[in-house]
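Shared between the two complexes below is chain A, which pairs with chain B and chain C, respectively.
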Partner chain A sequence: MGETALVSEFRLAGKQPPHFTNQSIIKVEAFGKSYRKTVAVSDVNLEVRRGQLYGLLGPDGAGKSSLMKAVAGVMSFEAGNVGVFDVRLDSEAASETIKDRIGFMPQGLGLNLYPELSVEENIDFFARLRLVPEHELFERKQQLLAMTRLAPFRNRLMKKLSGGMKQKLGLICTLIHEPELLILDEPTTGVDPVSRRDFWIILSNLVRERGITALVTTAYMDEASRFHRISLMYEGKVLAEGEPERVCEMAEGSVVMLKSASQTQAIEVLRQVFPQVQPEGNWIRLFVDGAKAEEAVLQTRDAMGELTVNRVHAEETELEDAFTALLRHKGLTSLDEETTLGSVNMETNTESLNGIGIEALELTKNFGEFTAVDRVSFKVAEGEIFGLLGANGAGKTTVIKVLTGIMPASRGSGNVAGANLTHLGRAIKQRIGYMSQQFSLYTDLTVVENILLYAGIYGLRPVEARARCDWICTMAGLHSHINERTSRLPVGMRQRLALGCALVHRPRVLFLDEPTSGIDPIGRQRFWKILFQLSREEGVTVLVTTHYMSEAEHCDHLVLMHAGRLVADASPEVLKQEVETEVGRILELDSPHAKHALEHLAANGFNNPVMFGKHIHVWSKYPESDVVRISDLLGLEHAAIRVRDLSMDDVFVHRIRSLERPVSTVTEELMS
Partner chain B sequence: MTGVEQSIGERVALWLRQLGVMTLKEFPQLVRDRPVFAYIVFIFTLDIIIAAGQSVELNNAKVVINDADQSMASRELTYRFRAPYFDVAETNLHPDIALSWLDRGQATLLIDIPPNFSESLYRGDEVATVQMLVDTSNANIGFLAASYGSRIAAELGTQFTAQRTASVTALPRIDNQRRVRFNADINESWFSSISELLAVITVACIFLPAVAMVREKERGTVEQLLVSPLSPFQVMFAKVLAMMTVMLIGTAFSLFVIMQPLFDVPARGSLALFFALTALYAFATAGIGMLAATFARNTAQLGMLLMLIVFPIILLSGLWVQLESMPTWLRQVMNLTPLRYFIDIAYGILLRGVDIAIIWDSVLKMTAIGIVLFGVALWRFRRQFGG
Partner chain C sequence: MKLRRALVVAQKEVSEIVRDRIYCALAFLLPVVLMLVFGYGLTQEVQNIPLVIVDNDRSAQSRDYANRFIESRYFEFKGYVSSVRAAEPLLLDGDVRAVIVLPALFQERLVSGLPVDIQTFVDGTFTYRLRTIDGYLQAINQAVSGELQSQYLARTTGVSNERAQQALQPLRVETRYLYNQELREIWSIAPALIMFVLTLTAPLLMALSVVREKETGTIYNIYASTITRAEYLAGKLLPNVIVSFINGILLVLIAVWYFGAPLKGDVLFFLVAMFVYVVWATSLGLLISVIVRTQMAATMVTVVLVMVFVMQFSGMMIPVSSMTGANNAIAHSIAAMYFNDVVTHTFLKSGGLEASWREFVALILLMTSFVSFGFLLFHKRSKS
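Showing the complex of A and B:
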């Protein structure tokens, strides 16, 4: 009875284009939540309207999850009002009344699912829990499985799915009762870029076609443009609110990219003038406060003085830049306050490695029938920052485990830090540092206990160990936390300590497996600053894996893995260049009639048009002429169409997609 | 690095330093793990005290008597069921009511003395009947109550016979003269507190290093150790060494602060020998836990796995149940547990005051089993992580 009424109401709402109903779905006023004495969130206001894809962005511990739980009616709070569908959530009874109309997916990969049940059994379970009529269940299930490309895996146990697939299954289970409001807590954390992009396409289609409203959190700043509106959160407060572009503009200033032959010196000089300077591969990225693009470039040239400037140009401000700038402007942080890096002073043994840090020769690793790594070869020059990219399960971690000697290779060989993998396994161990994907410190030990432990393991004598301990604390900005237990440190600081522990014995080669997941942009910038210094000044070879494509840009050299194989091997710039010559660049356009525009573009032979937040993205080989064609086709002004530079994310997704083309073509068809 | 040119002395020093830091780190970790630390304190203190108080003797077993005879003989019989073994609640209870006491578990023993009891006793009938009903739902207590009861009845019978035939002298008798050795007062708290201490040592030695090992796996720190120049042996042995120390401190505390002052438990043999062999036992038993740790992926799994192993070992190795009373095959299985030998060693040294000359074969067997267990665990650990 009530059930059917709800469904029909929803159907009705689904038929209307979202912008006609301007009804407020979520209204949060002066919201506050404390856990014992720690204030998690205070004084938050936000409003989400029907049909909006609303994003909450911010680093770990910003208070996103607390807010999400309050809106989903699963957590009590002390201050303010939370209203959902005009119901004030002030009691458990009130929360009960809205639960039929919302779908909530908590944080964590597949944590709400049952690993021992199959895909279909999981869906059926959630459907029955929500009292979905059996005849409707069948149809909805087909539709959702097709949309998420999970149909071929319906009998596979949930625990055997990849991270991205688990997340899609989680989404299906959240959608099976056709909620009007979706609340998704970090649905893309720990998911690779391809699966992430899939996820966003599915989500934006749902919002557009069914008029669903969605409140989503993410720690990936580069996902901001996916949303209609965002709130940028930091330490329990809202830093900025609005459309993604507006939020970027709120940080007054411009981003300048600069290339100089003497990169290290240039960074030093620029840091004295500008607060936000960081290396990005061979480039330097800096933020010039309060200046328009041309002016910012001029200021940068001035600051460089006598140093050679090979190339310089202004670039669009990304949310990550804006976030850091906003924090700085509000006096909440300074990039240099903790890590006084002055001189790294590694006193490394400068024994030469003949210019080669790591070399993999036809490495293969089998687990029974399954080939995790298939004849992988690459060469990493000494002192290079080398990025190993790939989707979840592509074999990155296995490559690292083989190269560090945690696992023996099934076939092939390699050289690490001048020692042969097969014959000199033990010699390698003294020369490498390793920071694993999982947290590699003892959380119940203090900072100094951790450092001295690793110093002892690597056979340092007590005097030497003390000296290194000092160095690590300076490097990681930990002097004031030396006797604190590691579990009480913020994530960013912990990761720097873990890096310090991996460096305790002055290794020549450093392996880092997703060292920055879950850290806020500022923490990540600090982390990369250290890596950069290690590689440039000490000649340490760094091999790093990451899911943050913005970090991939920091690498000198990248390889891309897919299904255990190497599919690309070049510098970030060359990789972008290659994709550009292959498929062109991306045109970004705004259209008031998005659905109509998408259909039109596809019908006229444009390559894979998709929704990207409020914009439409389409690939174009001849951007100049295509801008004209599209503006004629859709009756848009030329200004409404912009040519975007390719990001590493685009490169990654394109490369992987082209390898699994047969499947993805099917998806596009299903979705249009 | 200079790894190749190091002298043997330097390499040994390095190896020991690595083992040292790995061992030392376990102590703060253990102390900061509040529940586990509290548990360790408990088992070596309160638990021993509680166990020392428990007894396998018959204490105050409730007796109800239906005395239909009401004679001097029947009263004499009733009188002989007394404290501390028995507690006679009623002497003139109607049989039906008495039976209901038994049904409700209010009495352990029901004695029905027929009206002609003293008559047939004095007459010198071949048998004078007394019926005894025993509640054996607790088999141990039931068995004791029954056997004490029969002994009381038999003694009374013999005495009457002796009185009656006093004139006919020279009935053959055996005078059983007891000399109790090692525990003159048959003080049960000695045995039970030492038994409990051995049980507690066993639990600690199996669980603590295994938990420490699985935690490394669970948290992912084990990978960090594997890329370091540590050998798997150093990783595993450091845990055993640390927990062995904790266990020895606990044992010393139990022995000197609880068992000796409170229960006067003697230590007749060499204490140095006792602690040395306890350390050896710790290593031998830790092998069981370490082996289990290579199978478990997390502490929950480890806990369940160890439950299956620890209970049978403690129950069946001869701590509480005599080995001789078990079927041959089970005894042979139990011969494979280190505890079976450590029981001989511990009672031998503490109560009987023996030295190594008498228990050396137990020591040898225990050591051999320990080396095999630890070796298999090490082999599995190496294979799992390919190091």
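Showing the complex of A and C:
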């Protein structure tokens, strides 16, 4: 019945009906690819059917890009078969035959575009390369530019676009010849949350309306629910495959959230019982293996024993939890040393900072006419984990460079670790640790050599340096690797070493610029565990930037930057509550007639109904009554409508959107 | 092959070259700068050697002798000094490269028919220059003593000066420098430099333009689209060949107008040969771009390869006819040698197709094979 309804709907719209048939578009069997001696991917099997939005998820180095290139017919491989549109891609000649039907966007934001050409020239180039007739090109261009809201910028040079705009232009260029299959490699990496959301809306509309099939990779686990089906990849292997919800269920167990007055103790106690425990702001998030929700809550209460439990409840398993659990269950977690600050005290300078770790007052930084940072003010309490969030180019790194004294501010002032920015630029450097975005380690030196080098730079005496070296190795779990070249360490370990090097002179304030980008969830959790300990046990103030919205939950205090300005400043919980009072929560519903449902919802005044993977999301201020209204309107069962908790992503998208224009107009544009 | 697709690539390429300042400078400024720098650097002629003279005799004869050096265009006379000791600091500072010491009793001894020892000091820090200066000194000295001898003979025997000269020098070598009558080194260097600069910049430009696409990832647009290899390569070669050809013309103009080298031969033939050579050199860049992955590597490989080609196998430094075995074979499989021949012929020997047709055929064959190699090695489905 669903099928017929959809077909008739599309006939009315004058479009080709999408074939939700079982026709297989991509078929990958026992695929394997090696680079010289390194095996990048091995034994991957997957099948993508027509009309599917298929996701490959996994951290850097999981082998996603290799698979994408092989499917796009632009890279040869050693093992297995890759079939696209029933063509076996076993030669260059065979690969050529599918290229008029595919669109491929390689990894790297805007990197496949031509910076010296304008938006329109880029589109024209891609179209003419594909011999798109000029009159069709004109029409498609208008349509796609309007859809992506890039029309006003058609004459702007590509190099002058923002990250989000580059991403959309990349998508237009990939779509201009109307391919049947889209192959998009990490299209959302490094893009701000709003642009990411726009992107997903555009993509899911295309898939739905034109029957396009899409294979998309992402490193963001929280994007999983955008897909119809996913493959979870790790170190060249597929860990799990299926619908996103089913993959989450494959990790048997439940997530429990717990709040306790004695958080640090609680974590220690829980870690003895449960393998997956991590702080999330004031909360503790843990995974109870093999237990259903209520049972898991009971088990958690038991484990807490005497300790006070302020609040506790079970929560839906996120893909990130599932990923970690699956790795554990399959015994794939690297047998890494335990990382702990242990009994070795950091012996930090106990000089008081009067409770203020970092303070920025109206900081402004201009580069020529461009204002990278615009009157930014915030205050970070001593010992707090402070998150600075925003897209690439929002000004995060500039703020850090000004606060660390690497760059002078154009205007404004600040205090860092008790030193005034304007007067004591140099003194600041002794009191802070800084881990830059780029790799600051010398990869040809061993672990110990790197640490001793940094100790030398900060003028530590040899005895002291040895002691610090020991402390760092314990903290970062590097004792069995001390004489290994840094280049041979896995990314996660390298990142912990870099953190150690930033801590060598016992700074009171630590600046970390995107320390976890590209690391797998387990590596990230480890890293955050250390940060948490540093902040709670040593009282180190930590300022960290990240573009993983899920990591924002770990912070005590957040600010969001957008185009050089601060647009939000509070704790994660407060931020969520604020948005909840303003626009309500999100209702998630399944409807067999998605397009119809979306139109109905919009026509009946519901706020911003959009496709979210297979589900429809709609904002609701009064969830209880709205559930009833919607179920009546669409003829759905109450159970088909769920109330979802807001994520940090939701919060930021709302914050930025409300700055740009009222939410409703955006919705209208996107829906039209 | 769809010409339209090739033209789309070519058009994009031109926009990029014109708009990207660094790329534009690399395309048009680098060849000119190289030509000028090397044009000066490679001229090995030694002239205007600073000279001081210590005249301990101060006689008419000694002054006459000294004047022969003072008037020479090879020496720049800095003045008389009182003693060798006084000349020493000048030599040390490099203000003076040669010192001539005329002994006391210079005139007296000459008049009485006794030999005179003249001492010269020459700065020996740079042996090539030393040899040249020494050569000049010997030559001028020889000329003067020859004259003195014939004068003496004429006086003592009563024959005419001319007869005496003939008697003393029964055999005389008279060299005429053909094609470069004024023996100006820049005349022979400037044409060779055109070859050298084109051999370096044309492949560099092409290699960078392909590898840059590999480095950023825009090459995937090509890999993943329906454009064929031939179309892409044609679109890529065309603008790069044109840019390098324009550069070639600029270099010729510099050689003629700035360095004053004569362009005596058939200009039209020369331009055709240069075009063929530029296509060869550009496809050499294409071959390099196939094997390397980064712009850094492309630059290094190109520079090293071209240096070896030019220094060793082009005939610019070492005549190819003196090579044997493998060296000879390599020299003959690289177009640089043939083009160097064409350039020197056209510039200095009034050459044209008639004189250089063998070289021209070789250039065409090499161009065709290099372009074909590039086509065969370039793939739209890479290994990584």
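Following the convention adopted for this analysis, the second predicted complex is superposed on the first by the 634 of 672 C-alpha atoms of A that agree within 3 Å, B and C clash if a C-alpha of one lies under 4 Å from a C-alpha of the other, contacts with A are read in each partner's own complex, and residues count from 1 in each chain.
By our rule, a contact is a pair of C-beta atoms (placed from the backbone, for glycine too) under 8 Å apart; a residue touches a chain by one contact, two chains touch by 3 or more.
Just so it is clear, the model here is predicted, and its values are computed rather than measured.
Considered on the superposed chain A, chain B and chain C are sterically incompatible, since they clash. By the touch criterion defined above, A:444 reaches chain B but does not reach chain C.
In the superposition on chain A, A:407 makes contact with chain B only, while chain C stays out of contact range.
By the touch criterion stated above, A:112 is placed in contact with chain C alone, chain B being left untouched.
In the superposed pair of complexes, A:126 makes contact with chain C only, with no contact to chain B.
Between chain B and chain C, the overlap after aligning on chain A sits in one stretch of 91-99, 163-171 or 217-225, namely 163-171. The residues of chain A shared by its contacts with chain B and with chain C come to none at all.
Touching chain B in their complex are the following residues of chain A: 349, 401, 404-408, 426-427, 429-432, 434-445, 449, 452-459, 485, 511. Listed in rising order, the residues of chain C touching chain A in the complex are 2, 4-5, 8-9, 12, 15-16, 19-20, 216-218, 220-228, 379-384.
Taken in their complex, chain A has these residues touching chain C: 35, 69, 72-76, 91-92, 95-96, 99-100, 102-104, 106-108, 111-114, 116-117, 121, 125-126, 128-131, 173, 183. Chain contact summary for the complex, chain B toward chain A: residues 1, 3, 14, 17-18, 20-22, 25, 28-29, 32-33, 219-221, 223-230, 385-387.
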